[in-house]
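Inspection log for the structure reproduced underneath, given as structure tokens.
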């Protein structure tokens, strides 16, 4: 499965990219994070504290165990600080 | 003791005056109300339901048993409806 | 810190142009004359007690300032004939954070609703009616 | 009912000129960039997730409208570089009575604080700092 990944705020800065396309066999967001962590240290750093990571799939907030089936875009970012 | 009395809203309309000066020997606001009630029916009507009457002495809200000593102006009006 | 009681309409934009500078949060409340549920309101007459009104509003504002760290505070209340859609009054509060600005604005509204000497009369083609105070307005004070 | 996400400053007066007609109560909240406690903020950079932001705000607004009888509702949130004193965002709510207008405005603020995809970075002469979310902001959602 091919996914568009997008990163915001310090997740984007740690990974060094605003977005990228990845191929994955992961079934859930957690599985995808595990795959990314193993790629390079900058991903391992970005995902070192999952309590500080929020996820949206196809622009909807989800939990880390959310399934990836049918998903096109996954966004990773810190807790939001709007307002 | 001479007091300036001022009336607002339907208290003013029932009594038919915005203000007047009265001589009284009353010691409390309640005593003053009793004296007014005995004057004429329009006063009795205005003060027929004391739960619906609010009082300020010298521009400060008080209870009906407030003393009149040293007071110059007593205001009678319905519950306030600002805002 | 300003309290004004006046007949003229106010311009919210003008009032806020210099309001709350340096604050993080500004809350405003504007009260408007609504038509009656059945329609037919010609105007609302707002009466007040001139010798008492300003000091009553200033006391309410002073109390709010002891409770929340307000960097600015504004109360304007109109009196006289106000047609449907017209502004009746406004409050504005400025504070470092939103909770203080919201709470202070609600506090000001709750208190001036029941503790500031204003009375409203609704005038229709068929008669007049003094607006009665609502028990819930008195109850609203208990939370503070 | 309007949601806007934009870089440009907004004009509160212009936004309110046609807002909430026929309502009895209008509440506005404006968020402003504050300097740091120790001073020295050069600017705040507000980042967002363009593909998601508007729909997230619209969902929050729709939820508010199911909870309170709002006759009008407005959310504007800016992004980009914002200097101290600049407006960050505003909400406005219009309802028949003050309680609904206040509660809806607080609800919108609590939700967009923690559920709309915005992030703030403080930039000073000596470095940058991403603003961390406050536990109290997450806790604020529990009251609704």
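Order of writing sets the chain letters: A, B, C and D. Residues in each chain are counted from 1.
Criterion: a contact is a pair of C-beta atoms (placed from the backbone, for glycine too) under 8 Å apart; a residue touches a chain by one contact, two chains touch by 3 or more.
The shown structure was predicted, so the numbers you read here are calculated from the model rather than taken from an experiment.
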Note to self: Considering only chains that satisfy the touch condition with chain A, which of them also satisfy it with chain D?
What the structure shows: none
Check: Measuring centre to centre, with centres taken as mean CA positions, what chain is farthest from chain C?
Finding: A
Next item on the list: Could you put a whole-Å number on the gap between the CA centroids of chain B and chain D?
Entry: 48
Notebook entry, point to check: Taking each chain's centre as the mean of its CA atoms, how far is chain A from chain B in angstrom?
Noted result: 72
Check: CA centre of chain B versus CA centre of chain C: separation in Å?
Finding: 26
Item checked: Touching two or more other chains - residue numbers and ranges from chain D -> 31, 98, 109
Notebook entry, point to check: Can you list the residues of chain B that touch 2 or more other chains?
Noted result: 83
Next item on the list: So, with touch as defined above, which chain pairs make the list?
Entry: A-D, B-C, C-D
Next item on the list: Please give the residue numbers of chain C that touch chain B in the complex, ascending.
Entry: 31, 47-49, 51-52, 55-56, 77, 88-89, 109, 112-121, 130-133, 137-138
Margin query: Per the contact definition, I'd like the list of chain D residues that touch chain C in the complex.
Written below: 11-13, 16, 20-35, 85, 96, 98-99, 101-102, 105-106, 109, 140
Check: What part of chain B is in contact with chain C in the complex they form?
Finding: 6, 8-10, 56, 59-61, 73, 75, 77-83
